[in-house]
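In the two complexes below, subunit A is the common chain; its partner is subunit B in one and subunit C in the other.
Moving on, here comes the complex of A and B:
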């Protein structure tokens, strides 16, 4: 009973504190908190907004899982950003050049994205295992190299046919044939709801994200590899003495993290059909925040991704209603992250103390039975 | 004659262990006072209490005649006590001067460091105490002995008159030890009081004025260094009571389970620290290794389990060469390992007990296979370990850190022995656990020996070594220097071999 209340206290406490602080922030800016919250909630209650939220949450979640794979073994892959953009670009280029039957075409595109991202992440892994370079430093640098260097250069090189009627919409890689685009799943959604209006479409990547979440759970908790990975994160020395090869684990975790990162860009690719001149950026970093809030737990990260997406999307309405500035969403995301980290830390300490006391009581009880 | 430090009735308990039990210590002003004792005798705990890093549960401390109570090292520093830790705490990229003043910088104006004043103060300190060092050199370019001198200067700079040196010679080569001792004599001549921890008896006898011996957390003797011999000290350190762990009849067979041939091992710095080791352990045999810590035992263990850099020679299990095999392959081939430090190398403290039991055996039934972890099988096996090895815990789902040291150790022994191993490497298997758990661990190892286990036992507890081993080899400076029979050797003799004293007298067996 006490255990459950402790584990519930953390997220509830974090949520309440976030509400208090953002209310104060809203009042400080002269906005009405009740009005702002009401606007956001009523906006989010619409089915079309909910589709937007799910579409936003999907790449957040994939990005969080990518980061979490590293986090679970104390590897800080800050390079998800660069990795997914690299995978995105290469997948778009390859997808645009080939023409294949639908299932195969989609598969080739996704595998290309995962492979390229994985290899790019692997660079940081190789640097760490052979030269001892800290992965935080190397992935940050690889981000800069990818975004400012490779991608900028390849974007020009791989610019598709601009056509006769040149316009900004013809910028980007060669558009992928219809057969390479992951279908949307409005049909599935409409089985449980009404028809989705306003031309909103739920991305097929939503299903892929769910599968990735399940795979992540199984990998971590049910496989020998997942056990090795967690053990390395908790105590690398004990893991090594227990037969876990440390270098191979670093490389494997880095590449697996990169492979999942490769899927992040697929949501946008399915929508645009090419690598656009200005792809959505920052998803890699959002993923780190989501993983942190969700405690690297597959369910927790799903909740965190939905929360972040909800704040992002529903705050959009504030621009039109004028109840507050939509930047309140960013403030709330920041605060919830901070308070959650602190709250989990405190709850963890309580849990550890309880466990130690329980174990000590067992010892004491047995001592009394045995006469000295 | 005034008293610098007086400790009365100091007691410190940790869960499951009494580290210090009614310790009394009197250190006179201006003397070099050695504290010696085996590993785990409570020396370091006592020094931590004196330096304010841990509070004592009971007892009083007096410094220069005044009763003091320290809540942090800052209080100790204010009373003129300084401590030089075994592991240096220096910033490589700063100069000697910058390192010394770090945290105690004299400033002018708006927080600018007054290097002028710092330099003046520092040269006064080094002159007063006769310590030479180039204060503008980068610390990264200094030798180990010089770094240690910087650490000493650091505490002197802060006004310390009573110095605590925690095993200062452990990291030094013999010439550096001589230089350190010269420095210590200079310091003493300049009026400083030095308290130092050591368990190398020849060094203690060479440098100290007084000696206090700790055993099992108690002070067993305090004496002037006057006519004391290394043998006397060794006897006091290990106690002369009869060994409790008794192996009774021999179970040694003639089938070789572990063979080391011409083994040479390098440490992490690339220095060769184990030379030309040849050893055969048979089924049903326990070979004990005696030696003062830091003579290559750790590297030898690492080489056998597969984490060290082997520069020459070979290792074979049952005649099969495993020199180039990974840790996992060796474990699958029947290697079990009880590490020296269970928290560092043995356990996943924040994971449940059943995951801890699986660690090291996750590729094998009943814990798992190449691809999958068998959670049900692992839990059942852990329950069996819990019953068979008497691990006292509310359940196998609690995390390992909730258990007392003795129960954690029983879990480790259990997981290693239930995997039906052929070769066991056990480093200090009963270090830091209570007497009851100790007896249980001895029983378990003895039972496994009867079933044909070949064991390499490394221990600082000489009674344990003599009581459990079929053969004892003494390791000194990375080599086996003597092979002894436990039936004929006493802890006192063993102590003499370990420090090299017996060898100098031509007593090598």
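Moving on, here comes the complex of A and C:
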């Protein structure tokens, strides 16, 4: 009972603290907190907004799983950002060049994205295993190299046909044929709800994200590889003594993390059909936040992704109602992350202390039973 | 030869390195069609780009010497940018710097609370701060300046010309500009040295002067004072320090807050000096680059400056190199550097490193021969590639503080 209350106290406490801080932040600039929160909640109660929230949560979740795979073995893949953009760009280019039957076309595009992202992540893995280069620094550098260098270069090189009447909409890679675009799943959604209006469409990647979440759970908790991965994270020396090859694990975890990262950009690709001149950036870092908030747990991360998406999307209404600045949402994201991280730390300490006390009690009891 | 080098006083060794570096640039410039490698403006831009990187790196040095990994430098730099701009607009330039330092220190305090008091993983706390800081500045900008990303113009603290060497004025009397005279002689190498030095000494921002002064000051504090010794104990073996009665937690707090303050000063420099306003995204990852400079510099103040100047040089050169000829000439510099690394590895009988360096060196040379210019994306990328390569070749030789990143609890060994 105490165990459960401790692990629940952390996220609840973090959430309450976030509410307090954001309320103060709102009041400090003369906005009405109750009005702002009410506007956000009523906006989010509309089905169309909820579709937007799910669409936004999907890449967050994928990005979080990518980061979490590394985190579970104490491997900090800060490079999800660069990896997913690389995968996105290559997948868009390959998808635009080939024309295949639908299922195959989509498969080729997704596999390309996963492979490219995985290889780019593997680079950091190789640097770590062969040269002892810390993955935090190498992935930060690889992010910069990918975004400022490789992608900027390839974007120019792979610019699609601009056509006679040039306009900014023709910027980006060659558009992918209809057959390569993942269908939206409004039909599925409308089975349980009413018809979705305003032309909002639920991305097919939503289903992929759910599958990835399940696969992540099974892989970590039900397979030898997942056990090795977690063992390496908890105690690399013990894992090594137990026959887990540490270098191979680092490389495998890094590449797997990258492969999942490759899926992040597919949500946008299914929507735009090409690599746009200004793709959505920052999903890699948001994903790290979501993974930390959800404690690398498949369910927890889903909840965290929905929370972040809810804050992002529902705050949009504040622009029109004028109750507050919509930037309050990013503040809440940041604060909930920092407070949650601290709260988990505190909860961990309580748990450790409890465990130590229990162990001491058991030992003391044994000593009484067996007289020396 | 190496032993002679290590026996030289530090300033002489650094001067020798600088002279050699400029010699290399001059040599390359002679056989390529650019003059930008040793121009006055190149040196000036190098310094302007290097200052925030250096300050962030120096901040990282204090924190990491005390055992706390600080990847939140980027966030602290962003806080410094915003508060620096706000202070500069409302209270004037110098107050802007002070308030910017204060903003960075708030970030440092948060990091210290999370990592030192609550033993949150240092990387995780740093990531959280990097996400929180831009969020705070966006909100504050929107509320105060009615735009989430841009502030009104800020004012800078001004600059200074060194008298005699770069024609500064003393009490209204204009002193001669000796370096300009030497540059105009157009003597091979000598005039190049004069030009680059003049770029550093003329129109130098007061912040840059403070930053440069911090190199010997930090070295003294870290290596020669009781405070520095205790700080280093926190990062090397905190339990030993604790046994001596040192309040480890207090020193870690001081170090991490100082770290935030330095990054904040770097941020304030960006918004008041480099861009003249606060603009979201203008930090451009300089906090991360500062961290790279710290590692490049092997956790030493002089090394951090060298790393920052190296990055500053490449960025500064790129800024003015619209046709890509100077960046093209840099390929030859790279090739020569790889050759040097290859020879070094060869004398140490390290076969993989020798082959790797040779391949990279020939690659750079080949590119230099077949192309006339290099695209701009390459010069944007070069500094990061340099960091990666330095780590690839020298990661095993770097010596970071032993207890870096490890949680510390009072009374546990």
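Keep in mind that, in the parts below, the second predicted complex is superposed on the first by the 370 of 372 C-alpha atoms of A that agree within 3 Å, B and C clash if a C-alpha of one lies under 4 Å from a C-alpha of the other, contacts with A are read in each partner's own complex, and residues count from 1 in each chain.
The rule is short, and it goes like this: a contact is a pair of C-beta atoms (placed from the backbone, for glycine too) under 8 Å apart; a residue touches a chain by one contact, two chains touch by 3 or more.
The shown structure was predicted, so the numbers you read here are calculated from the model rather than taken from an experiment.
Peer 1: Who contacts more of subunit A, subunit B or subunit C?
Peer 2: C
Peer 1: Touch test for A:227: subunit B only (first), subunit C only (second), both, or neither?
Peer 2: In the superposition, A:227 contacts subunit B only.
Peer 1: Considering only the touch criterion stated at the top, classify A:345 as touching first (subunit B), second (subunit C), both, or neither.
Peer 2: So A:345 only meets subunit C here.
Peer 1: Have a look at where A:183 lands relative to subunit B and subunit C in the superposition and call it first, second, both or neither.
Peer 2: neither
Peer 1: Where does A:360 make contact in the superposed view: on subunit B (first), on subunit C (second), on both, or on neither?
Peer 2: first
Peer 1: Scan A:239 for contacts with subunit B and subunit C and give back first, second, both or neither.
Peer 2: First partner only.
Peer 1: What residues of subunit A sit close enough to touch subunit C in their complex?
Peer 2: 25, 29, 76, 78, 127, 131-134, 136-138, 140-142, 144-145, 148-150, 152-153, 285-286, 288-289, 292, 325, 327-328, 330-331, 333-335, 337-338, 341-342, 344-346, 349
Peer 1: Can you list the subunit B residues touching subunit A in their complex?
Peer 2: Counting only subunit B, the residues touching subunit A are 15, 305, 307, 326-328, 330-332, 337, 339, 344-351, 355, 358-363, 368-373, 375, 392-394, 398-399, 401-404, 407.
Peer 1: Which subunit A residues qualify as touching subunit B in the complex?
Peer 2: Per the touch definition, subunit A meets subunit B at residues 221-228, 230-231, 234-235, 237-245, 352, 355-356, 358-363, 366.
Peer 1: Once bound in the complex, which stretches of subunit C touch subunit A?
Peer 2: 71, 110, 113-114, 118-120, 123-125, 127-136, 138-139, 142-143, 148, 285, 288, 291-292, 295, 375, 377-378, 380-381, 384-385, 387-388, 391-392, 395-396
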